[in-house]
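Following are the structures in question.
After this come two complexes, each holding chain A, first together with chain B and then together with chain C.
Here is the complex of A and B:
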């Protein structure tokens, strides 16, 4: 019994983290219609920004966290303005944008590696707290916090997309860019906003992950593969789908290693990703990949 | 000293040429955006290394490396034959993750992250290619043969079928071409050559581990193909020589090796971004991606 609750809780924690990664990624995908792998680098940059500001410079924690999230949003916006916008101007295909995002991911990760070195870093803001016992399973206060922050953010994102003017414009551009432009929506401006908001969520993910796990220069690649897998499982281009996929992936990984050696944890995500791309590319929710051809 | 280094560089260039022209066959000529290319390199390298360590003669291990990689190329071609553009790119990338995860976790066979050390240098008919100069000659001969076969393939009528699939698959089907079979052949041949390149790599470096076959290692190959220009073999060869040599300059400027690794990645990623923005057809390319 306690093993099952523990696995459920572990799946929930992993799912909450993946949901933060996947929702921003999916938001950017649904509006911009290309795979923004460098989203992983945004997370890593925010995590390292927190490390730099809080652990090295010694700034106040909350100020450091806010700056790190802002920094993430700016990095995302910068990538859009410097690289993607230029490519769009030249009518680049989504494959070109995908390769460019990949190059950006490697570029940014290598910069982190060059500046901070390959060794693992820890923030150590929250002392290793004693876990709380729930039905025989252990969960730390930080992990509860991660799940709560994740849920609150996802609700806020949902409300933002439904209620605000920019959110509605985003959905319009996502649905049909040409019609949206005819109605007076500036699609380039909306692209910028998706990068700012998507990357800010990535920044928050980066801060939370930095508190929970160790920092490594390549952490972004690992995370974006998980976020991307979650998005594909749930139905790429749908933010709720990505969140559903994220929790499913979290559970699948944690229950999977009940049967398999723990080294296969990442392999579970890879195999799910491959199978979904081949046999159910529209994901569980079956949302058609909109906008192209 | 300089001479030995130069030979080392030429061997690397030879291996990269095989890697790049085989990707060119799939991506440039047939339009298959195969981001799983590097997985075939791993399959070839591990096949050859494990067989050679089990006492098999080099040339059998070498050919089997190509054949087994080709077999996986065939397996990959079946489920992916309907996918196009970025979805094909993503599915093949997923394939490379799966292969990486297997290399890392099937420790009974591959020793996992520890890698496989002590891979013997190749020997043929009693002659051992243990010196780097003799290995260079072997590499050069294999590179030349690979180039001639791929050149022959793409200039043949079959090559025209492949290009017609790249430009308009539906039209190609309409005039009665079996596009599924043609794409499968292109991928199988491409995988075969990557497999033998993997064998050369394994027997040259004499140590392999899964980290040499990640998607990050694909960036230089992808860069070479795009800089050289899609569907241009000559452009690819020039691009290989230039792009493999450039980061080596960093070594001569005297950067420590902890800087050279990331600096090399930064350089490649930057060149790739600039090329995509300002010269998406590459230098000798005929078609756009």
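Here is the complex of A and C:
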């Protein structure tokens, strides 16, 4: 019994983190129509920003966290303005943008490596607290916080997309950029806002992950692969799908290691990714392509 | 209100639009006709900014709009209907119309604070829905509609998009005769309200019934211009359509 609840809780925590990564990634994908792998670097940058501001500079924790998230949003916006926008102006295809995003991911990770070094860093804001026992499973207050923050954010994102005018404009550009422009919607502006919002969510993910796990320069690559897998499972281009996929992935990984050695966690994710790409490339909630023109 | 002068657009060796000049006046319906491939839709794409002109000028309301951005031209008051159905299929009909209603969608902070559409916005779209006859499926996903229904929603959207000039690319293509009549009446009503309308249409009956002024294009050039009667009896036009 206690093993099941423990795995359930672990799956929920992993799912919450993946959902934050996948929702921002999926938002950017659905509107901009290319795979922004450098989203992983945004997470790493925010995590390291928190480390720098809080652990090195000694700033107040909450102020550091807010600055780290803001920094993440600005990094995302910067990538769009400096690299992607310029490439779009030159009529670059989404494959070129994809390759550019890989280049950005490697570049930004290398910058982190250059400045902070390869050794693992810890934030150490929260002392290793005694966990709370629920039905024989242990969960720390920070982990509860991670799940709550992630759920609240995802609900807010959903309301933002469904209810606000700008959310509707985003869905419009995502659906058909040319028609949106004919109606007077400035698509470049909308692209900027998706990068700001998506990257801010990545920033929050970065802060939470920095508190829960250790920091490494390549942490973003691992996370964006999980986020990408979650988005594929749920249906690429659908933000709710990405969130669903993230929790499924979290549960699959954690229930998988009930039978397998824990080192196989990543393998489980990749097997899922392959299975979905082979048998259900549209994902669970994805929209079929070429159905309606 | 719209002056086009010496407009040119080449695609490789093909002169899609070759030195085209014409003018559109307020309170009038102008029809652009011509055989397939004569460059009509290219002219529309140049007016709405989707294509960039090689040379020539487009003046709208005394403002040069040649090669301006698509959304800028739209916000200056040119509303366009496409040849093929192009609705936002993942949005409801109502949302499709609401997006067209003003140009404030991209003002982020303003929208966060005052994020809802006003009662006035809803009144406006309900009114247009009634006029066009789409009120029964306002809450449906646009992707689930039939071809004719989509067409009506698109027309409603083009009308509700704030504009001074309406450019319609084949508004009644594929639409049943009864609806055709309704759209004809609707466009006449809009004209009476003082709107300028430019349309492309293959249905000659429809065109000659509705247009005050007809411009005929062939092989990228304007070959005739005049009222429907003059056009009917124009030799160049007959040649362009029938060959010879």
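Going forward, the second predicted complex is superposed on the first by the 287 of 293 C-alpha atoms of A that agree within 3 Å, B and C clash if a C-alpha of one lies under 4 Å from a C-alpha of the other, contacts with A are read in each partner's own complex, and residues count from 1 in each chain.
By definition in this document, a residue touches a chain if its C-beta (ideal position, glycine included) is under 8 Å from a C-beta of that chain, and two chains touch if they have at least 3 such contacts.
Everything numeric here is computed off the predicted structure, so don't read it as measured data.
By the touch criterion stated above, A:176 is placed in contact with chain C alone, chain B being left untouched. In the superposition on chain A, contact of A:107 is made with chain B only, not with chain C. Contacts of A:34 after superposition: chain B is touched, whereas chain C is not reached. After overlaying the two complexes on the shared chain, residue contacts for A:255 are found with neither chain B nor chain C. Touched residues of chain A were counted for both chain B and chain C, and B has more of them.
By the document's definition of touching, neither partner reaches A:116: not chain B, not chain C. Applying the stated contact rule after C-alpha superposition, one finds that A:165 touches chain C and leaves chain B untouched. Contact with chain C, but none with chain B, is seen for A:185 once the two complexes are overlaid on the shared chain. Interface residues of chain A, counted against chain B in their complex, comprise 34-35, 83, 86-87, 90, 92-96, 98-100, 102-104, 106-107, 109-111, 113-114, 117-118, 221, 225, 232, 261, 263-264, 266-267, 270-271, 273-274, 277-279, 281, 289. For chain C in complex with chain A, the residues that touch the partner chain are 48, 50, 69-71, 74-75, 79-80, 82, 84, 86-91, 95, 98-100, 103-108, 111-112, 115-117, 143, 157, 161-162.
For chain B in complex with chain A, the residues that touch the partner chain are 33, 79-80, 83, 85-87, 89-91, 94-95, 97-98, 100-102, 104-105, 107, 112, 215-216, 219, 222, 226, 258-259, 261-263, 265-266, 268-270, 272-273, 276-277, 280, 288-289.
Chain A contributes residues 163-166, 168-169, 171-172, 174-176, 178-187, 189-190, 193, 287, 292-293 to its touches with chain C in the complex.
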